[in-house]
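The next part holds the structures, each set out as structure tokens.
Two complexes come next, and they have one chain in common, subunit A, joined by subunit B in the first and subunit C in the second.
Now for the complex of A and B:
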């Protein structure tokens, strides 16, 4: 690995095989056992983002098929439905196919069926010499698939089980239907602990020849919220900003986090229609910068919770959950974000005037 | 059998080739009982109507009866239709009728056993049939009762139309007791070379809730992943269940009456990848058995129900869990 090939550290130090994974060793050992037995069941990887699900899936593929899975090509495939054609990009090697079916929104059912059918019908010819006589289909973000597509998947999975195995990846199994879950072996991938992140950061620092103090590594790890990718990225960013590190080096936070903090201040300072107007423009500002509305809602709630009395906290959480759910079922997030803020303002004002009396 | 473990190509459904050959069958199929004597439970148990909650051995029992009645002729005398087969009114009118019409005579097979002069049609998951199809079946059943016996299997007898239900003798299947399930599991463990412990048995009956098929499937997956160290903890992981300590930890955090403690506990749980919907459903069991007063339990149950729905619709896990536990906190502090 040359030091200046221009890639980010996140990519450069991504483990490629099961042997190189140094986080969650128990899980890795189980996966190793499974890869060596001749019967690989369908797998369902779940865990929060940044936990290393995809890395793990790649490692499993590698230990199943060897280095040739890394020779991937990206193709754009057009699938015809009645008169319409939809395009989807597929990453594939000679042993596996990777798709993110949620890209195509409501037509996902057709895509899922088409792709699996296509790969399942072409059995690998050198089944005798290759280690495995099946191909693997990796589906990302299964929890974003429509219920329709998930039901379609269930039948397809059974039908083509002889020639292909599925690896499903999702953030939470809450939105994956039960019959699908029961057909797969669930693999839970938790976020790495602060300690694991710290040691990973230090091993990267060593390989890069960077001098990283334990204290700073700890601080980076804590601020990342146990997200390894975020930690490595902010480590690299910190290095670009100032090196050698000062003992009180400031770790950059994403600017939208500060932005939301500022919004929470503004909301708790004044509760009036004018202020609401201002907050609306702030929301738009965040939304046009592609910050997902769920994240805005969540962070804002957290910030507001820190600013109110315990009595009020119950209500804040209740309404946040209420409006967030509505946001998921509705179509325009701004309405619900604003409704939440308006609700909060009225609650807060009532509470304050109650105190004065 | 729609939830057959998809490890191998679907095995043939006919009776004779289901012997204990070396082929890697899913264990559920491999250890399906082959005669009535082998059915682990349901000792009390022929137009028949069998109604019962899920997976208590209904299908297994009737297949075993069929095999005992007909022996080698099983294939030609028994027609089995389940929900995945087409069963609209057309099928009732044509293929079921055609099968029922042909008369058979009593005969003796090679071993000298008499084979009864009627055939058997098994309609599995009959409660999924349309009303029309059920109505069409009424007359058919009566007309051909000389040559054919019908066996309807369903989860809810209330979904079978009254005139059809009244034409059948009913057998209710109770859910399997822990002992009889354990016995079967022990037998399979024995054959597969897994060390059976009491802990494993308890764990299995807990995660499967009396559902033998699920229990066997779980056992097989756990075995494929953990090999010799298959234990209760492994089962919990394979079943996608949240360990009890995690749920208890969250409740404890809620009882601490501090929002910060609760917040960090919930963040931790989400970070460890435990699905919120699972926590919600497990919390329900813990709360209902807990020491709270009925009114408090009712309040918590209400929020559990609404957040379960919200989660299904894709709401944020963190906020929903916070909401649930803040209600728990509120109620516990009263």
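Now for the complex of A and C:
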């Protein structure tokens, strides 16, 4: 377990079985029960990033099929659609297959239709002897699937239920269509508490022989926004940067978070079209780094909320929601992000001039 | 002097060839012979006038610019007596030479007047237009006053000449001066004339073709231009060799409105036909047997002129690179006014200079539309004044045509202060017609937007990029908010992400709204929007980088990561972890602890498949991370100082070589059982001696504990092992010598010029 195979702590100390999971024990117990029973429904894991959904899925798989699921291979499959060839990575063992259909963006419907059907249609040879008589298909980022693809999934789920179970993983169920939701057992994986994160960090520190003070562990956990992955990674980064830890060691936030904070400052300093132009370049920079626009919107709103009067907060949230919703239907996120900032500037200015009067 | 009898060329119709020949020989004539110019009547009218030539004398036939034929008979050399006359004194008040010159001048003057008269002859069989005949009123002025001769062309002299030059290059090929000699066709086979409408492209092409003695064959938008028909037509026109010998004029193919051939399959194929013509033509000299079988083995031996408005039209993209392109500008106002005046004079319409000027402004020097407006006005009034032009809304052609003009008219309120028209309009406005100007701009903008409906997305892209630069007054940012709402409206109307087009016809309203909100009177210069495009390419690059990273991840970890997770949480800490920031450059001075850190780093790197790769950059080898995750980190405009990622090439070099070593080690471990470590240890001192980068191959810290390294050095350099220096047992010494022998034979020093000053030597896997 603690063998140094060169991977980062976040990967090295990832729990591999349900027994080793020490966060959300209630949930884990339920899953355990489910795995021991003969039948497993389709599952829909949802929850924020860094809560441990994928880890949990892996653990479930392991308790279903034993250690052999850990022998995985990655296959890069090329699919030809008309004239275009798209490539998708498929992680598979003899018992399960993991696909991230959102890798292929617009063509995800084809992936769902072709690949999953192909997998679902074939029955494992040792169906009689193995523990379970079905395969499992894990689909990541289901909320990014297009509507077409989700509809294509509906029928597949019912038709091949004898040979194949689906485990869907997503951040939010709001973008998963109702028919899919009704076909799955939803499993919510909430974010771990600060306390849970600190104890995880401490146990890693113990295994690594690193001296981690409670204060620092707490600070790392706070900084991570209860995202366990982020917490462990920043812990390791901090260790590489300076060890033994100084008592006032700086735990750096992610660049993009800082960047958004800086933007919020710039917005509240000045409200003018010229400033908006600067903000535009900032937005582009964020988007260039593939930060999802929804996250930009969310973080920016949070930062701005901290800078305005209570009176304004309702309005800011309202408009953020308004523009976020528009963004989902539109094709150019930059319009909507800027529109939101413009709206905020307008609100803020009006508020300020109202104060003066 | 070569003299040409007039009777030699009775059928010459295109006199210009003659003119040229005359010009070339001009100087000898004037020196050696006195000329008498005998102006004749217009040839086309009276071919019988040939009989007027004095056949007893030699004569030069010449044609004036207008096609007026003149015969110049050559006189004998001036007699000696004449000369003596001149020398001795004068019998006449003025010398005979002067008189002769005077006569000549008078005749030239006369001829010139005739030319001017001839200029006023309509293109067809129309007689003088001074008498406004009934038939003339039926004809559009545009056709009536169409230039028929090269000198009458309104477009700029320079481009006219360039086109003429291009066509002249064909002369040798088409007319074939010397028999037996294979003509060399000009390098560029196809000409692409581009310019705004009404600049005179079509006229230019026709006139020049006629001027050079071609028969122009025109294919325009009114013809059936499906690929098959088109190809047939083109080939017919270009391959008409046999007919030419029969006496006809050669063809010059003019493909008009080539950009108007509908985009998509059809347009592409029309261009492809031309391109394949060019290609076949190029392939021909290779004389491939396969090519000969081709039914249409063809040499492109006739000029082709293509005409288009916008040379950057997408369907012309391929063609544009393969052919010669001429840009034809609109005629200058002065020239155009001059011509309009002539026309008005001929038509008996009274009009003054400033009126014409404002007409030109209004129509943006579009010859065609100027003439149309003029004709329209002339039908009602015999005297046209500026107020007429301002009052009538006809002929207004002030519609933004290309995308740049669109942006400009979106963001710039029209005010033509400084121009005649602007002043007139301002005057009008003072008189109470306030909204007229504004309305007309809006209307023009609407028309312009509708015209470029296919490009509307780009128009909006430009609006988005430009509108913040416009200094519109917006104290409460309300206008900006509204503008954004319109942009979002546009996005919704044009289908958004899911592409439904039912509502797209409403999307033109958005730019109009933006015009109302953001336009100012100040000057606006539009640029092509690049920000969004740059953003997309950059983002795709980054995405690809991360994709490769994800692609190469170990199977066990692979499914734990997605793009978003990598971007949001993973890459930055990873880069921090992979950064050997506090390590010093000289790897041989590492402490065991630091060494362990490096080993850990190397393990990380190989676990996540990250390597350092050399890259040549400005004469320097640079080590870059592969996949280039490093590029992701510097944030433009961020206050925070990012981690220093450069300047540690030595370290990177060391790491990368260590990694290679690790890899080899793994391989050899699999292939062969490990070689005894004693040999490995013993060779280390000798390795140290090589003047090369010994550190490249790792120098474990233990070697410092080894006794007498200098002794080893002496041994090696002088080739003679120093016996007393090795106090160890003879057996061990012998073993050492064996090793040395081996080392000696395997040493190779090679100077690799240009790459590095290092000395290369053979290294065996087992020694690593």
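Note that the second predicted complex is superposed on the first by the 345 of 357 C-alpha atoms of A that agree within 3 Å, B and C clash if a C-alpha of one lies under 4 Å from a C-alpha of the other, contacts with A are read in each partner's own complex, and residues count from 1 in each chain.
Simple rule for what comes next: a residue touches a chain if its C-beta (ideal position, glycine included) is under 8 Å from a C-beta of that chain, and two chains touch if they have at least 3 such contacts.
In this text the structure is predicted, and so the values were computed from the model without any measurement.
Once chain A of one complex is fitted onto chain A of the other, the partner contacts of A:74 are limited to subunit C, with no touch recorded for subunit B. By the touch criterion defined above, A:25 lies against neither subunit B nor subunit C after alignment on the C-alpha atoms of chain A. Touch criterion not met for A:82: it reaches neither subunit B nor subunit C. Of the two partner chains, neither subunit B nor subunit C is touched by A:269.
Shared-chain residue A:248: touches no atom of subunit B or subunit C. Of the two partner chains placed by the overlay, only subunit C lies in contact with A:280; subunit B stays clear of it. The partner that reaches more residues of subunit A, of the two candidates subunit B and subunit C, is C. In the superposition on chain A, contact is made by A:305 with subunit B only, not with subunit C.
In the superposition on chain A, the residues of subunit A contacting both subunit B and subunit C are 329. Within the complex, the subunit A residues that touch subunit B are 30, 33-34, 37, 39, 41-42, 46-48, 51, 143, 157-158, 161-162, 172-175, 179, 181-183, 185-186, 188-191, 225-226, 294, 297-298, 301-302, 305, 310, 313-314, 317-318, 320-321, 324-325, 328-329. Against subunit A, the residues of subunit C that register as touching in their complex are 464, 468-469, 472, 474-478, 480-481, 483-485, 487-488, 491-492, 496-498, 531-532, 535, 538-539, 542-543, 546, 550-551, 553-560, 562-565, 567-570, 572-574, 576-577, 579, 581, 600, 603-604, 606-608, 632-633, 635-640, 642. Those residues of subunit A whose C-beta lies close enough to touch subunit C in the complex are 4-8, 11, 14, 49-50, 54-55, 58, 70, 72-74, 76, 89, 91, 98, 100, 102-103, 138, 140-141, 227, 229-230, 233-234, 236-237, 240-241, 254-256, 258-259, 262, 271-274, 276-277, 280-282, 284-285, 287-292, 295, 326, 329-332, 334-336, 338-339, 342-343, 345-346, 349-350, 353. Across the interface of their complex, subunit A is touched by residues 2-10, 24, 214, 217, 221, 224-227, 237-240, 259, 263, 267, 270-278, 307, 310-320, 322-323, 326-327, 329-330 of subunit B.
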